[in-house]
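Two complexes come next, and they have one chain in common, subunit A, joined by subunit B in the first and subunit C in the second.
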Partner chain A sequence: MERILEQIPRFFSGPNMILLLESAGLTLAMTLMGCLIGFGLAFVLVYLRQTPGLWALPLRLVCILYVEVFRRIPFIVVVYLVLFFIQTVTPNASLFTIAVIAICLYAVAYTADIIRGGLESVPQAQVEAAQAMNLSRLQTNLRIVLPQAWPVIVPPAIAFAVSFIKDTALVSQVGVFELTFRGKELNNQGYSGILVFGTIALCYFLMSFPLSMLGQYLEKRLATPRGQRRSRKIWFT
Partner chain B sequence: MNYNFQFGVVWDNYPALLEGAWLTFQLGCIAFGGGAIIGLICAALKTYGPWPIRLLVDSYVVFITNTPALIQIYFLYFGLPEVGVRWSNEACLLIGLTLNAGAYLTLILRAGFLSVRITEIEAGQTLGMSLLQQVRYIIVPHIAKSIYPALANFFIVVLVMGTSVGALIGVDELTGQAINLSSVNYRWLEYFTVVAGMYVVLTFVASIGLALLGRWAFRVKARIF
Partner chain C sequence: MPHLAVNDVRAKYGSLEVLKGINFSIEKGEIAALVGPSGSGKSTVLRALMGLTPITGGEVDIAGETMNYSSAKEVRAARDRMAVVFQQYNLFQNMTVMQNLTLAPLKIKKWDKSEVMTEARRLLGLVGLSDKADAYSDQLSGGQQQRVALARALALKPQILLLDEVTSALDPELVNEVLDAIRKLADEGMTMVIVSHEMAFVREVADKVVFMDAGQIIEAGTPAELFDTPKTDRARDFFSKILRH
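After this line comes the complex of A and B, so read on.
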């Protein structure tokens, strides 16, 4: 205990804090890039998955299989697979790129389901009406379905991105200089584990908590009147 | 890209991988079970407890759900020995995961608690049901129906995302075994491809089992896909 107290001034010195700030920025950048690209690709995936017609059956199957498989593989395994695969293809790829690709692959699978749920929440009659107006499938999706689906898609997508800030901690294992990696490094330099990992946990908390609050606020703000029904407490008598 | 896949090595070591998968399954079940107990207690306290206890539960949930499981486990693994608490790798993983799962399950179970409508309980009372009967015929079916899919989904998350963290502190579960084995002969791609497939099979079996259980016990239609 005295050891920890004695380390505190040294630990919270300028250079250490700058290091932590940098790695926190890296964590955020990684998550943001991965999730944004993944979100975009997920739209494409959902669009492909909804292709009608018998000829597109293999395409639909591949899309479904992709989502199902990636939701069932741990992130760390995906990271290792991407790392070794990319390094066999191009040995010079940076670790940051590899991490972003892994996050992307994973984010596509998770957000695809969120987006599909959002698109399916729009009443089918609207799609049929759009067809009757002779709009193409892309037009129907972009002009009719998507504008109405946003309120359903955005809050869980933000929640997912926030939860992914935490999951990127696993990327430290392949040597990206993000928060967890710095934590291990500082711990190896002899700083107390309680102090280091407590601080790192606090850093993650400071990033994740405001964003999850934003997500909850948006969820309330964008909710349909149907979803705003006040939940009632029960009591046992 | 000129890389020759050699799956023979993986096949030679399949008992180790199966052992890892079994350990993964056990760890997942224990962490989820422990988490469910914590979650049940915390959700009940949060719904019915006095405000200081509610505040305590809230801060537990908010702090755990906003920090990575890996950091929590590192804290137990690297931090606690300094104050004289020494646990084995498995114990650190299990305690960390249980605490982590407990926080998420508190949220899920609380949503279930809130889904029971007071009018239905009143209707039960009108019919002369005892408290036990109310729990058996009104509250549990209601809670089960509204949160069973979320619970089944979360079990898969614990089984996959949760236990795989153990590989980083040297627990020999499925991912850990893959890392151990592939650092012997550098067949990383092959090992991890096979391990990914094993995870898919493992969780798929678990999903089907949970869907059947839900249908049999609570008449819930849980989705497998």
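After this line comes the complex of A and C, so read on.
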């Protein structure tokens, strides 16, 4: 205990804090970029997966296979696969890029099912009303289905991203200078493990908590019937 | 040349044949009413006409053009000429009344915006909902939603309007406000095919009654012919049961 107290002033020194802040930023950037790109691609995947007609059967199978396979692989294995694959193709790709790609691949598989569930929660009658007016499949999805599916999609999608902030600790295994990696480094420099990882834990909490709050806020807001909202011109209408 | 002629239209759900060769026709400005027990295929006829249930045989003449719904293009062409009002209204929940009315005219038909807006306001007036243009459907009663759905269908300027049990989901006291709106359309000479259980209303507005059972037309004729002097036992049995009260 005394050792910890004695280390505190040295540990919370400028250079260490900058290191931690940098790696926290890296963790956050990696997660957000990976999840946002993955979320966007997941929409494309779901749209392709819903392509009707016999000719699109192989396409649908590929989409289903992708989701089912990636959901059954541990994230760390995806990270290693991406690492070795990318390094074979372009040897000087940065570790950050590799981490983002791995997160992205994983996020696509998970959020695709969240999105599909959301789209399927909109009654078929809404789709038929749009079809009867000659709206195309894309128009029906963008104008009718998706706006109504947001309340179902957004909360679990944010929950996924929040939990993923923690899971990115795994990419420290391949040497990305994210938060957990820095923790190990500082620990190796002789700082108390309790002190170091306590601080790291706090950092993770400070990154996830606001996002969780945002998720809860959106969940409440989206669940309010439209007519009761004060402002109607919100971005997803 | 009839305005709408349904010729030997057939449809299947899996291996079950739900329409076994439907034939009927109406002239411009006429109203045909499809009646019959639940599951007889009345609503399926309307769904088939809108291309929502694929037809497996037969063809449809709409305003002189023959269509067999065999390609996406033909289905689009058929949908372009008709509009449908559903039993459950099916208003777009994420849009205001006005947006519901103007979406397809602006984005699909690509009509002039100011004309579309003027027409939408006129139609809301016609169904008595001028003050609800900015409301969302969850702020409206069932009867109001159904009148909006009616206005939305009319905004497409259909050559034929299809009404699928439009009063069945409504509270009894809200039925009349919707029927009144349909009466107005009948007076304006709108060609309509309606599926309805409101026999008094059918007798009042329909030019032709088509009695269906088990995916077939059993008997067709004027309301007086079917209601008062049905020729088939099946029709006599059905009408004696439902016209008694």
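The rule is short, and it goes like this: the second predicted complex is superposed on the first by the 223 of 237 C-alpha atoms of A that agree within 3 Å, B and C clash if a C-alpha of one lies under 4 Å from a C-alpha of the other, contacts with A are read in each partner's own complex, and residues count from 1 in each chain.
Note that contacts are C-beta pairs under 8 Å (C-beta built on N, C-alpha and C of every residue); 3 or more make two chains touch, one makes a residue touch a chain.
This one's a predicted model, so the numbers in the text were calculated from it and none came from an experiment.
**Q** According to the stated criteria, A:E6 is in contact with first (subunit B), second (subunit C), both, or neither; which is it?
**A** neither
**Q** On subunit A, which partner touches more residues: subunit B or subunit C?
**A** Greater contact footprint in residues on subunit A: B.
**Q** First (subunit B), second (subunit C), both or neither: which does A:E68 touch?
**A** First partner only.
**Q** Please indicate which partner A:P147 is in contact with in the superposed arrangement: first for subunit B, second for subunit C, both, or neither.
**A** In the superposed model, A:P147 contacts subunit C only, not subunit B.
**Q** A:G198 contacts which: subunit B (first), subunit C (second), both, neither?
**A** first
**Q** Where does A:L135 make contact in the superposed view: on subunit B (first), on subunit C (second), on both, or on neither?
**A** second
**Q** Where does A:Q126 make contact in the superposed view: on subunit B (first), on subunit C (second), on both, or on neither?
**A** After superposing on A, A:Q126 lies in contact with subunit C but is clear of subunit B.
**Q** Can you give me the overlap between the subunit B contact set and the subunit C contact set on subunit A?
**A** 232, 237
**Q** Per the contact definition, I'd like the list of subunit C residues that touch subunit A in the complex.
**A** Per the stated touch rule, the residues are 50-52, 76, 79-80, 83-84, 86, 88, 90-94, 96, 103-104, 107-108, 135-136, 138-139, 156.
**Q** Applying the document's contact rule, which stretches of subunit A touch subunit C when the two form their complex?
**A** For this pair, the touching residues of subunit A are 125-126, 128-135, 139, 143-144, 147-148, 225-227, 232, 237.
**Q** So in the complex, which bits of subunit A are touching subunit B?
**A** 1, 3-4, 64, 68-69, 71-78, 80-81, 84-85, 88-89, 166-167, 169-170, 172-173, 180, 183-184, 187, 192-194, 196-198, 200-201, 204-205, 208-209, 212, 231-237
**Q** Flag every residue of subunit B that touches subunit A in the complex, lowest number first.
**A** Listed in rising order, the residues are 1, 3, 47-48, 62-63, 65-72, 74-75, 77-83, 113-118, 121, 125, 131, 134, 139, 156, 160-161, 163-165, 167-168, 175, 178-179, 188-189, 192-193, 195-196, 199-200, 203-204, 225.
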